[in-house]
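Chain nomenclature is as follows: A, B, C, D and E, assigned in order of appearance, with residue numbering initiated at 1 for each chain independently.
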Amino acid sequence: MSITSQNADFINLEGCNSIPLTESDYYIADYFADEDEIRNRTRTSVHRSSFRHHSTVSGIQENIPTIKNGACMWINVTGVHDKILLSNISRQFKIHPLVVLDIETNEQCTKLDIIEDALFLVVKLIYPDQISRKTHVEQISFYVKENILITFQQNPSHIFDRIKNRIRQNKGRIRRSKIDYLFYSLVDTIVDQYMDVLDIANTKLETIDHQLMQHLSRDTLETVYDLKRDMLDYRRLISPLKEIVNRLQKEEETQIIQESTIIYLKDLYDHVVQVTDTIDTYREMLASFIDFYMMLNSNAMNEVVKTLTMISTIFIPLTFITGLYGMNFDNMPEIHWKHGYFVSIGLIVFITLCMIFYFKRKRWL
Amino acid sequence: MSITSQNADFINLEGCNSIPLTESDYYIADYFADEDEIRNRTRTSVHRSSFRHHSTVSGIQENIPTIKNGACMWINVTGVHDKILLSNISRQFKIHPLVVLDIETNEQCTKLDIIEDALFLVVKLIYPDQISRKTHVEQISFYVKENILITFQQNPSHIFDRIKNRIRQNKGRIRRSKIDYLFYSLVDTIVDQYMDVLDIANTKLETIDHQLMQHLSRDTLETVYDLKRDMLDYRRLISPLKEIVNRLQKEEETQIIQESTIIYLKDLYDHVVQVTDTIDTYREMLASFIDFYMMLNSNAMNEVVKTLTMISTIFIPLTFITGLYGMNFDNMPEIHWKHGYFVSIGLIVFITLCMIFYFKRKRWL
Amino acid sequence: MSITSQNADFINLEGCNSIPLTESDYYIADYFADEDEIRNRTRTSVHRSSFRHHSTVSGIQENIPTIKNGACMWINVTGVHDKILLSNISRQFKIHPLVVLDIETNEQCTKLDIIEDALFLVVKLIYPDQISRKTHVEQISFYVKENILITFQQNPSHIFDRIKNRIRQNKGRIRRSKIDYLFYSLVDTIVDQYMDVLDIANTKLETIDHQLMQHLSRDTLETVYDLKRDMLDYRRLISPLKEIVNRLQKEEETQIIQESTIIYLKDLYDHVVQVTDTIDTYREMLASFIDFYMMLNSNAMNEVVKTLTMISTIFIPLTFITGLYGMNFDNMPEIHWKHGYFVSIGLIVFITLCMIFYFKRKRWL
Amino acid sequence: MSITSQNADFINLEGCNSIPLTESDYYIADYFADEDEIRNRTRTSVHRSSFRHHSTVSGIQENIPTIKNGACMWINVTGVHDKILLSNISRQFKIHPLVVLDIETNEQCTKLDIIEDALFLVVKLIYPDQISRKTHVEQISFYVKENILITFQQNPSHIFDRIKNRIRQNKGRIRRSKIDYLFYSLVDTIVDQYMDVLDIANTKLETIDHQLMQHLSRDTLETVYDLKRDMLDYRRLISPLKEIVNRLQKEEETQIIQESTIIYLKDLYDHVVQVTDTIDTYREMLASFIDFYMMLNSNAMNEVVKTLTMISTIFIPLTFITGLYGMNFDNMPEIHWKHGYFVSIGLIVFITLCMIFYFKRKRWL
Amino acid sequence: MSITSQNADFINLEGCNSIPLTESDYYIADYFADEDEIRNRTRTSVHRSSFRHHSTVSGIQENIPTIKNGACMWINVTGVHDKILLSNISRQFKIHPLVVLDIETNEQCTKLDIIEDALFLVVKLIYPDQISRKTHVEQISFYVKENILITFQQNPSHIFDRIKNRIRQNKGRIRRSKIDYLFYSLVDTIVDQYMDVLDIANTKLETIDHQLMQHLSRDTLETVYDLKRDMLDYRRLISPLKEIVNRLQKEEETQIIQESTIIYLKDLYDHVVQVTDTIDTYREMLASFIDFYMMLNSNAMNEVVKTLTMISTIFIPLTFITGLYGMNFDNMPEIHWKHGYFVSIGLIVFITLCMIFYFKRKRWL
């Protein structure tokens, strides 16, 4: 029974049991779904070629390599749309069919399930598209059981590269720790990614703030509403993580989370809180922008209407007077007065002064 | 004592005790109220004829067929308005009169009651009307007790057909499980139906979003408010289900829910959360649409009023000047000047330039 | 010591101990305050004459009739403003002075108190006035202790007539049950009354909805705000009942609520939830009406201002041109051109076409 | 060591140990800070002279009079700004320095502290100023310990006069009860005062409601916003009391609250709930007023703009026509037609009728 | 191994073990990061020179001075950007690397962590900039363990000077208490600082309130929105403190908080509540300002548009009449009437009176 689908590549990094590592044995395996399909699906700016650079494509093995007692194994599956690959993996590690269903779909919301002795975590990876400046959302699932951590991604990404390098170079605490620390490190990487995404949003917010002070075009308005919707999405995707990290700290049933990792989970919790707080702040800032713009608009409108009213109120009566003496009646005594014209000019000036006085009193000037 | 009303049909599928099924004995019985009445009441697009196709109308029996120990029975009652049918059923299965009252009425809100050793669940089926593109709401009641599950519908529908087929063909887990898994499957079907309804709403939302960018007619406005009201209704009908599924997971009193089904209930819970989250998102999107439209409107209004003001502010004073020299006074020295006309034209041009300069400074141009 | 005030009537229905009832002895006593005063106070549409029809006015007795062991007694006091009647009753049944104070006042909000071995419930009866189409609010207090239930009303009403008849005719469960079932029945009657009041509100809502589509007059606007205020009042009066009925289900201290009645209280709870849900829905609908009207208004305003602007923008420049050639300067070369008039007409037509083209481009037409 | 500051008056009512009271010995002592200072500070409408009327200024004593076992003592301190008086009192009764700090300041929010065996309650007295129709807020602190109750007021007021009289005349339950009942009575008096303040607000609300129906002046608008701010303040000051009274009912640590007083605290709780409910209702009413006014305003604006548009739309084209034939071109054939004038009049009438027809169709008329 | 970075100064006040203090030995040590860097970073109005005045720069020691049993030590580290200094301190006191990370960053939100036997508190210091009238936010971290309290500041400030002086002069309770009281005093100082910042905000609010009554310029509008954003920030920074101080009161794990300090923490809690309440009040006041301004604006707009409409409605028809008789048709009978002119004047007056009457009836005048 083959563990992979026809085109799945088995990438085994440092995990050859012939090269035992000093402190603890760490196996990393990268499974890929059909490459062509991935390539078609991948419209993100991730440079696939550079990604393949540091991974060794091994042959397909019948079974999972037997791992030593106490050694940790991280299996990273890319391309959850490949049903054969997925079913092979799930059969090998006895993953519950409902869990497999959750892994497959992209619609699943952020959640943590405890299934017998395994932890199943679904989080959303949010990453910016450098070209369109929009953000994409991808589902990453974690399945942790004893010493084995399986991660499921939809598309190939660089997100876990830094962690892989650290394990390979034996930097940091990961190689000296149990699987739970690796689990923490991966989730932490995703949360850090949220911060980067929010930094981009922050830049946009500052641009809007600047534009708002001068003139709000329809484009800016649309950017405001796009950002508002993004923040709405982010909050929906990220806010459950708060409760989840909290539960992980207290999780004792599966005995996966070690005592020593809890302090790191506390730190992770602080990060998640920071992210959700930032989102809420941005949301309130956007609401404030709209309010502020509405007030500016209303102020400007008032000014415009006042100008119109003043001009009309002054000139319409004057025009009436000129019309009056423009009539062609035979018998109009004023017309034949010697100073009639100058009297009418005087009347016009007088009315204008009255109007200006009236506007002054009304504080329109 | 007859269990059915005069016109009720007793449909017994695979449930003849003479044909025992391998894994567990499963009895399905479909009771119908007076057909004519149903036909009159049914204005939905459900094609009744095709519905009757795969059901066998059996004769009316005095009593419920005795079922083997451990066998499960599902009785599906269609047409809760038929009081005789309902009272027969309730007497047979000793259903509490208040529960019967809840089944009868369509006004009951979504709820779960535990009555001694029985579970009583009321949920709302929401299904779209293909013709009017509106949605209808119907009440479906579940009464679960030991190995018996009774469902009560108002009108005949295809909603449970897939489940019936799966039982008949012995596909999936249902035949191998207890009644609680069937109960879960039926509720899950209804929740899946919610998703379909929300998909239709989503299509409408996208149409509105597109129309909004150009011009918002009164019709679109009414669609927005209709959708808003629908979302309000859906939230009211569906949100109690969240708490209910949660309670079902912990329900131990009646011993109906098996340990093995809890993982499916967790999955159901995730689905319900997803539905309510989607509803909330749609609600916020609709609110955002209205806000956005208001701002566009306000922006457009501003533009219009500015145009009006500019035209008026430039031409009203000019018209006054022409009126002035259109007066018929005998003694108007300027009129007889040789270049009087050209001086007045010059004045008009000068005033126009001043105005344009003023508007430039005010950023109206 | 007389139990009643000077003019209080003692109405004893079926409660003469000489006529024992089969299943359980049930005593009903109606006490009335000074009739004249009640008549003056009663400006509602309750037909007093028909009310007196089925009640027997008995003489005033010194003491409460001794009741058999296990028999239930319901005393209905009408006219809580009669201090002497109230103090007599309270002395007889040892009601705490603070409770009496709560009964007396109409300002008390809906609440449940447990005082030693007695339940004290204050609810609000809301009933429509057929003439003015407004609703009146009246306080009804329940005092339950062992086998005795005392109800206190402000004005005579038909609200409990149906229950009285059912007891008299020995219909339903009341006569076969303890006092707690009667208590439930009475509160249920009041909650049913809420539904009727909300039905009237619903009719009004539909009328508004219909009017809104055409034209919103000031009157309709006032109806909207009156309804909004009514809903606010209803929510304030009814929403505490939810918590109260919940508490009653768990109430074990006083041993008044029997195990068998709890299922009825659950049903009552569902009804209360339904009422409060309906109120919330109506509130949101009203808010939605106002929003919708505001948008229609804003839309209409935009149309009007656009029309004004178009007319002004086209004709004001044209009028300026006519004014220009209406000036009386001696030396105006164009005037004496042979085709001057037709050239000016041509200019006017050209300007008009330009304007129309501009409006087309701006999508105002 | 003197217990009072230089000018503090020691007022001992009925508390001379030589006059033992029948049921329980009740001592009331009124301490005053420097009178001149109080007089300067008191700009309220409290008539100081009448206040002094029923108090006996005693000499200053070194120590608190020793009180009999079981006797209750109420010390009422007026003028918390007098640091010497305060420090004397606090030293005598061993009040914690932090509590003294809370008493001194006026900024403390409503709160209940349990300090060892003493209760410390800070509430706000709200009283109307008869002249300016505004309300003043003053802090009243209660310190209860065993049989001693000390109240601290900022300015002299009549608020506790009724209670003092009741004790002096031995009316009501106070003299027969422990110190906790006195404590309840005093807090109840303050809560009753809230009701009076809200009654004044209610009168204002009704005036606004009436004015709103006709015309909303700037003054009324300011009253609305003043009331809104008042309601905001009241809610902030009063709402913590709800929780506090609730806690007092369950307070068992200090053994100050007797079993028999709990029913009175329940009643007090009902009153506080009523006050906060009323405040919320008023807040919603004010919000509703503003909404309603905005809609009326918007409606009126629409009417005005429609009128403007109709007048302009009808007359501007007509004026253009008159302008056209007012031009002085030599060669204008129409002018010399015999019926030219009447044709132009006909044209004008025709255009007017077209316009009116157009407005009818647009429902502007 | 040196405990400080190259330029860090070791300031030891009264902490020379050769001068033992009477009640308890109190050591205060001030560590500074590179002065030049601090000077560059410090753009606040803190006068550094005066700050150095009362501190003695000691030499750098290898180790922390050994402290007597029961003596307390307070180490104040200024300049958390100095990585060498920070790592030395953390190594000496065995501070967890994650805690060091939290100290270093300025982005950490307000929080309390309990790490084994140590308390780690992060709060935000908000202080006004006297020149720009804006506020700066700085992070202050507290690390408490047994008898040692370490505070970490970003920039030098005077905030703790008063406490240092009190310790030096042995005033107040600090020298007689354990380290927890010092901890409380320092946090209390920061909370008091919040009050000062809110007082400045209050002044701004009053200015706005005053300006609003006359005219709202764009500048004031921006101040309103700046204040709104400030309040949003403050609430985010300060509100977690409420929960934190509450937790500190109940904290028993680390045995740092003494029984006697709890009453002071209660007081601190009241202060924090007061601060957050004030912020909420200010937020609601700002919202109310904007609402009020919008209504004033809308009112003023109405007035302006009414004026425009009245002038136009009166004069446009009149101008039409004058235009009519200004036409040059040969055959216009009215023109040659003897009283034609006066009849037309009469017509004009009549129309004007009709209009005025119409406006009166419409209540526009």
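Going forward, contacts are C-beta pairs under 8 Å (C-beta built on N, C-alpha and C of every residue); 3 or more make two chains touch, one makes a residue touch a chain.
By chain, with names taken from UniProt: A, B, C, D, E = Magnesium transport protein CorA.
Model, not experiment: these values are computed from the prediction.
Looking at the partners of subunit B and subunit D together, the chains they share are C. Under half of the residue numbers found at the subunit C and subunit D interface occur in both copies, marking it as a different-residue contact.
For the pair subunit B and subunit C, the distance between C-alpha centroids works out to 28 Å.
Residue numbers of subunit E whose C-beta contacts span two or more other chains: 301, 305, 308, 312, 316, 319, 323, 326-328, 332. Contacts between chains close into a ring here, every chain touching precisely two others. Across the interface of their complex, subunit E is touched by residues 263-264, 266-267, 270, 273-274, 277, 280-281, 284-285, 288, 291-292, 295-296, 298-299, 301-302, 305-306, 308-309, 312-313, 316-317, 319-320, 323-324, 326-332, 363-364 of subunit A. Per the touch definition, subunit A reaches subunit B in the complex via residues 96, 98, 101-102, 107-109, 111, 113, 115, 215-216, 218, 221, 225, 228-229, 232-233, 236, 290, 293-294, 297, 300-301, 304-305, 307-308, 311-312, 315-316, 318-319, 322-323, 325-328, 332, 334-341, 344, 348.
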